[in-house]
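Each structure below is given as C-alpha cells.
Consider the two complexes below, in which chain A is the common component and chain B and chain C are the respective partners.
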Partner chain A sequence: MQERLQVLVLDDEPIVGKRLQPALAKVGCDVEVFDAPGQALQRVGEKRFDIVVTDIRMEDIDGIEVLEKVLERWPKTKVIMITGYATVEVAREAIAKGAFDFIAKPFKPQELRDVIARAAEALGFAGVDRAAADDSV
Partner chain B sequence: MADHPAAFPDAAPEAPDASSVERAFLKRPSFGIRARLALGFLSFIVFAIAVTVGAWIMLSRLERRLRFLEVADRYTMEIQQARRFEKNYFLYGGNLQDVQDHIANARRLLIAVAPDAAEVVASAELGRMRDHLGRYETLIARLVARDGAHAPADGAERPAIEAELRDHGSQMVAFALELAEKERASVNATLALFKRLPVAFLAFLLVFSVVVANFLARQIVGPLSRLMATTQRIAGGDFTPLTPLRWYRDEFSTFSVALNTMMRELAHRQEVLVQSHKLSAIGTLTSGVAHELNNPINNITLTAEMLKEDYGSLADEERLDMVNDLVVQGARAQKIVRNLLDFAREGEITTERLDLAKVLRGAASLAANQIKLSGAKIAIDVPPNLPAIHGDRQSLSQVFVNLLLNALDAVGKGGHVSIAAGTSREPGYVQVVISDDGCGIPAHVLPKVFDPFFTTKSRGKGTGLGLSVSLGIVRQHGGDIRVESAPGRGSTFTVLLPAAMVPGLSENDAGPATRPSASKPSRPA
Partner chain C sequence: MPIIFVCSVPFGGGERLARILAEKLGYAFLSRDDVVGKANECGIPVGKLEVATVKKPAVRERLARLKERYLAVATATICEKAAEGNLVYYGRAGHFLLPGVSHVLRVRVIPEHTQRLDTVVQRTKLSRGKAETLLCDIDADIRSWVQFVHGVDMDDFHRYDLVINLEHLSIENAAMAVCGIADLPDFRPTPASRKAMEERLLQARARIKLALDERSADADLTVRSNDGVVTITYMPRQAALASVVPQVLHDLPGCQELRCTVASTNILWIQEEFRSGAATSGQLIELARRWGAAVELLRYRPDEVDEVDGAPPPEPATSGTKPGAAGGVEDDVPETVSDSDRAFQDALALLVHSGRSGGGQSVAGNRERLVSAINPNIPYSLVVVGDLFLKKGSAVRTRMTRELTNFLADHIKAPVIPIAELAARLRFGPAQIARLAASAVLMVALYALVFSHQETVLNVLAGPFHNAHPWGAVALVAVLAPLAAGLNAVVTSSVLRLMKLD
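Let's look at the complex of A and B:
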C-alpha cells in the first residue's frame, strides 16, 4: 500500500482546521491541524510533512515566517499559502520565497484538494484521490 | 422665535439658530454709531451756544450798568453843581439861572435813567427822588419869582425857603450818591461773577468731556472687545452665533450679522471637511473590514461545503455543531459590517452623556482589522470610574479612529500602540493619551501636522485631513489635542475633553466655557 500524504494545516481560525481535517482525510491524507503557529512550527521540527498549508496573516507569527522555517527544515516540503484579498502582494512574495502555490479565502474544500493533488503529483505521489467529492450526497 | 421676541435679550443657554438671531438683530431700532457721535457732538455744540448766549447777555447787561453808572455820576454832579450855585446865591446873592440849568439837566438825566435805575433801586425811592427834585425846582422857581418882584432880601419868607431847599438838596445828593454806590456794587458783583465763570465753564467742560468720552468708549470699545473675543472663539472652532445684547441696532449689529454668516459658512466648510475625512477613513476601514470579513465567510463556505458533502454520513451531533458554526460565523460577519456601517452612517450631531471607555473600545474594534493587518500590538487601558463626558459619539469615535490609524501607519510590524485614558492634570478634564513607538515626527514637520491637507503619506493613502478635522471636533467639544514627538522615539497625542458634571449639577452640557488654561504648551505655534 502506498504511503499516505502527510499534511499539516495551520490557520488561526479553528474552524478552518476543524473542517479541512475530514475533508483531506477523505482523500487519503494524514492531517494534523493547528491554530497556533508556535505549536505548528514545533511539530514541524519533529516531523517531516509532505505538505504544509498555512494562512499568511496570523496574530503572532505570519505565514511568510512559517514558510521560511519549514523550507529551512524540510526543503522538499510543498508549502501552500492561504491568503486574504488584501495580501495578494504578500502572496507573490511568498511564491518568490519558494511557496508552492496560494489559495485565496474564501475557498471551497475541493479547491484546496486540487492544489494539494498538484503538489502531491509534484512530489511523486500518485494516489491522491481528486474525486473525493463524488462521495457527497 | 418670532412669536415671542422676549425670548432673546437674555438669550437661552443653548445655541439659538442663526436665522432667528439675524431676525432678532434686524428687529431692533437703528441707533448707529454715527448717530451717537453726532448726538455727543451736538450736546457739546448746544452747550457752547448756551455759554456764548449767556455770556453775551451778561456782557450787554454789564454794558448797560456801566452806562447807568456814568449817568448816575453825572446826575450827582449836576445836583451838586446846582447846590453850589444855590449856596453862592444865598451867600453872595446873584441869579438862580445856573441852578435852574443844572436842575433841568438833572431832571433830564433822571428821566433817561429811570428804566435802568429800576433794576437797582425801588421805584418808590425813585418817586421820592423825583418829588425832592420837583419840590426843589418849585422852591427855586419861587425864589426866582420873589427876586423878580424885588422882594426884600431879608423877608420872612426867604429863610423858610432856604431851609426847605437845603433839606431837599441834601436829600437829593444823598440819594444820588447812594444810587451810584449801589450801582457800583452791582457792577462789581457782576464782574466777580464774570471772573468765576471761565473756571466754572472749564470744570463743567471737564466733567462733561469725561462723561461723553466714557459713554462713547462704552459704546464702541465694549462691542469691539466682544467681537475680538468672538474671533478668538471662532479660531478655537466654536461657531455659536452672536446674539443681540442691546435694545438698538448699530454698525456693530451689522458686523455681528456678518460674523454670524461667516461662522455659518465656516461651520458648513468644517462639516464638509469632516465628512470628506470620514469618507477617506471609511475607505481605509473598509479594506480592513473586507479582509476581516473573509474569515467568517471562509468558515461558512468550508462548513457549508463539508455539510453538503458528508450530510448523509455525519452523526446528528456533528451536523448540529456545523450548523452552530454557521450561525456563529454569520453573526460574526454581521457584526464586522455593522460596526463600520454605524460609523459610516450620517447622523445628526447629538450631544449625549458618553462613557469614554465604550467610545475607545468601539474605535479600537473599528480599527481591529487594521491593527491585525499592521501586525502591531495594541494596549488599551481605561480605568474604571473614569468621569463621563458629553459629546457626539460618532464625531469622537472619528477622532480616536484617526489617531489610531495614524499610529498604526507610523509603527511597523511588531510596533506598539497604547491607548490610555485617565483624568487630566488640567482640572475638570479627562484625557486620552494615544502613543506609539513608530517613526515619530521631525521638529520641522510638527508645527504643520494639524494643518488641513498636510500629509507626508503617499497619494491615496493620506488625505492630511485627519488631524485638522480631529482638532476641530475636539475643540467643538471644548477640548484640545496636544502632541509630543521626536523622530525615532514615537509620538504621543493627548486628547483633552471636559469631564461631564455630576448630573443635576450640570449647568452647561457642552462642557466648561473655558479652554484648558495653557492651551498650547506642546503644540508648536
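Let's look at the complex of A and C:
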C-alpha cells in the first residue's frame, strides 16, 4: 500500500484550514489543520509531516519563524508559504530560508494541489493522485 | 513645495531618509506599504503581482488588469494625500505615476552596500553569503517589477532629479541636502502643475470605480480626463457599457462632465493558434498605436465544431478577485486550460498590457459560422487573416486561407489582408530603403530632365514640332505624367512609412 502524504495546514483564519482540508484529502493527503502557530509547532515536534502549508502573517509567530522551526526539526519537510500580503522581499527571504514554494492569496485549491504534487514528487512520492487512487481501493 | 519621491531598493536606507526628510520639512509621509494596504482594502490582491515577479510566470491577462488597478489605487492614494498638503513618498518608482506634474522632486537613493548587507544579515539571520544572494535576487525582482508595472528601467538615472549615493554621505546629511533642493523655485507647484495632478486624481478615481463595479470590472476601457471632463472609451464589442459607465461614475467627485465614446478604429486578427512572443503581435500593436486603434483577437478553429451551435462565443479570461473567496481560498472550479488557451490568454495579456486590447473570442466551425461571429456593427479598419488550417498540408493550407480571405472580403465591410501582406506593408528594411532611394533618384532625374529641356518640351507640347506631329504631345504626356505620379507616390508613401505616419 502506498504511504499517504502527511500534510499540516496552519493559518490563523480557521476558514482557510476548513476549506483546504477536504480539498487536499480529496487527493489522498492526511491533513491536520491548525489555527494557532504554537499548537502547530508543538505537533511538528511530535510528528514528521511531509508537507507544511503555513500562512506568513500571523499574530503570535510569523510564517518565516514557523518555516525555520519546521526545517530545523525536519530538514526534509517541504514548507509551502501562503499569504495575502506577499512582497518580493518576504517571498525571497522565505525561498532563501528553504521554503519549497510561495503562493499569494487569493488562490484556488488546485493551485495548492499542483504545488503539493511537485513537493510530493521531490520527496519521492509517486504523486498525490496515486495516493488518492490507493485510498479508493 | 514639491511632492518628494524617494526611490530605493529595500534595506538601502531610502525609507529612513524619506522619514527624516518628512520630519525635517514637516511634511506628511506616505510609503508604498500604505499604498499596498489601500489596494488590498479595495480587494486588489497586490501580492499576486509581487509573487508573479518572483516566480516569473508567463504574462497573463489577469496580471495586466491587476496592474492597471494597482496603478489607479496608487495614483489616487498619492494624489489625495498630496492634496491635503506637502508630502514625502517612499517607494520603488512612485514618481512614474504622475507624468506631467512638475512640482515633483524625484530622488533616487543608492545604498551603501556593506551597511545594507549588515542590515539584512541582522534582520534575516542568514549567513553573509546567503544574504548577498538574497539582495541580488530582490534587486533583480524589483527592477523587473518596475519594468512590468511602469514600463521603465528604474536604473535609468535620467529619470531622477537627484541621485544620492550613501557610500560617502550619511542619511542625515543627505536629508539636509534634499531639504535645500526641495526649496528651490524649480520644484514649486504652478497652477498648470496642480491642474495636471487634479486630472491624474480624477482619472485614477474613475478607473478605480470602474474596476470595482462588477458590471465594468472586466471591460477594456481607456480613461482620460481634461478640464474635469472624463472621457471613457470602450471597445465596440462592449457596447452595453455605454449605459453602465454613467451609472457607475454618476457620483465621481470632481467630474464636471462624463463622455462615453466607442473606440473609432478596430483591427481584427483572425488566427487558429496564437503563439506567445510571435512577431505579428508586435507588428499589430505597432500598427494599432499608429492608428489609435484596438486589436481584437478571434481564434478560429475551422476543423472543429462548436459544442452548442449558435451559443455566444466564450469571453476571455476574467480578472479580479472573487467576492466569495473565504480566507483567500477561492472556490475550487475545475480548470482545463490547454496550452492553446494559455497562448491565447497570453496574446490577450500582451494587448491589455500595451493598452490596445479590443477583447477576444473563439469560434469553431465553417466559414459562415466565422462571419456570423464577426459583429457587423463594429467598424473594423482592417481584418488580418493569420495562420489557419494548420492540420492541412502546406499547399492546401495556402489555397484554403486565400479562399477564406476572399470570402471574408466579400462579407465584411473592411479591408481583409493576409498576415504576410501586413508584414510587407509595415516593414521598412533594406529593400524598402533601396526602393525609396531608386524612386527618389529617378524622380529627381525626371524633373531635372524636364526643367533643363523646357524649350524642347514646350516645342513638343505647343511649338513647331507639335504643329508637324500633334500626336507627339499626347505621347509625351501619356508617358511622363504617370511616371512622375508613380515615382512621387512611391517616394511619398515610403517617407510616410518611415515616419510611421501611414
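What we mean here is this: the second predicted complex is superposed on the first by the 124 of 137 C-alpha atoms of A that agree within 3 Å, B and C clash if a C-alpha of one lies under 4 Å from a C-alpha of the other, contacts with A are read in each partner's own complex, and residues count from 1 in each chain.
What we mean here is this: contacts are C-beta pairs under 8 Å (C-beta built on N, C-alpha and C of every residue); 3 or more make two chains touch, one makes a residue touch a chain.
A quick note: this is a predicted structure, and the numbers were derived from the prediction, not measured.
In the superposition on chain A, A:97 makes contact with chain C only, while chain B stays out of contact range.
In the superposition on chain A, contact of A:25 is made with neither chain B nor chain C. In the superposition on chain A, A:107 contacts both chain B and chain C.
In the superposed model, A:84 lies in contact with both chain B and chain C. When the two complexes are overlaid on their common chain A, residue A:15 makes contact with chain B and with chain C alike. Of the two partner chains placed by the overlay, only chain B lies in contact with A:62; chain C stays clear of it.
Residue overlap on chain A between the chain B contacts of one complex and the chain C contacts of the other covers 13, 15-16, 19-20, 23, 84-87, 105-110. Those residues of chain C that touch chain A in the shared complex are 10, 36, 40, 45, 47-48, 50-51, 53-55, 124, 126, 130, 133-134, 137-138, 141-142, 145, 321-322, 325-335.
For chain A in complex with chain B, the residues that touch the partner chain are 13, 15-16, 18-20, 22-23, 57, 59, 62, 84-87, 105-110, 133, 135-137. Against chain C, in their complex, chain A makes its touches with residues 11, 13, 15-16, 19-20, 23, 82-89, 91-93, 95-97, 102-110.
The residues of chain B lying in touch with chain A in their complex are 287-288, 290-291, 294-295, 297-303, 305-306, 308-312, 325, 329, 372-373, 375, 413.
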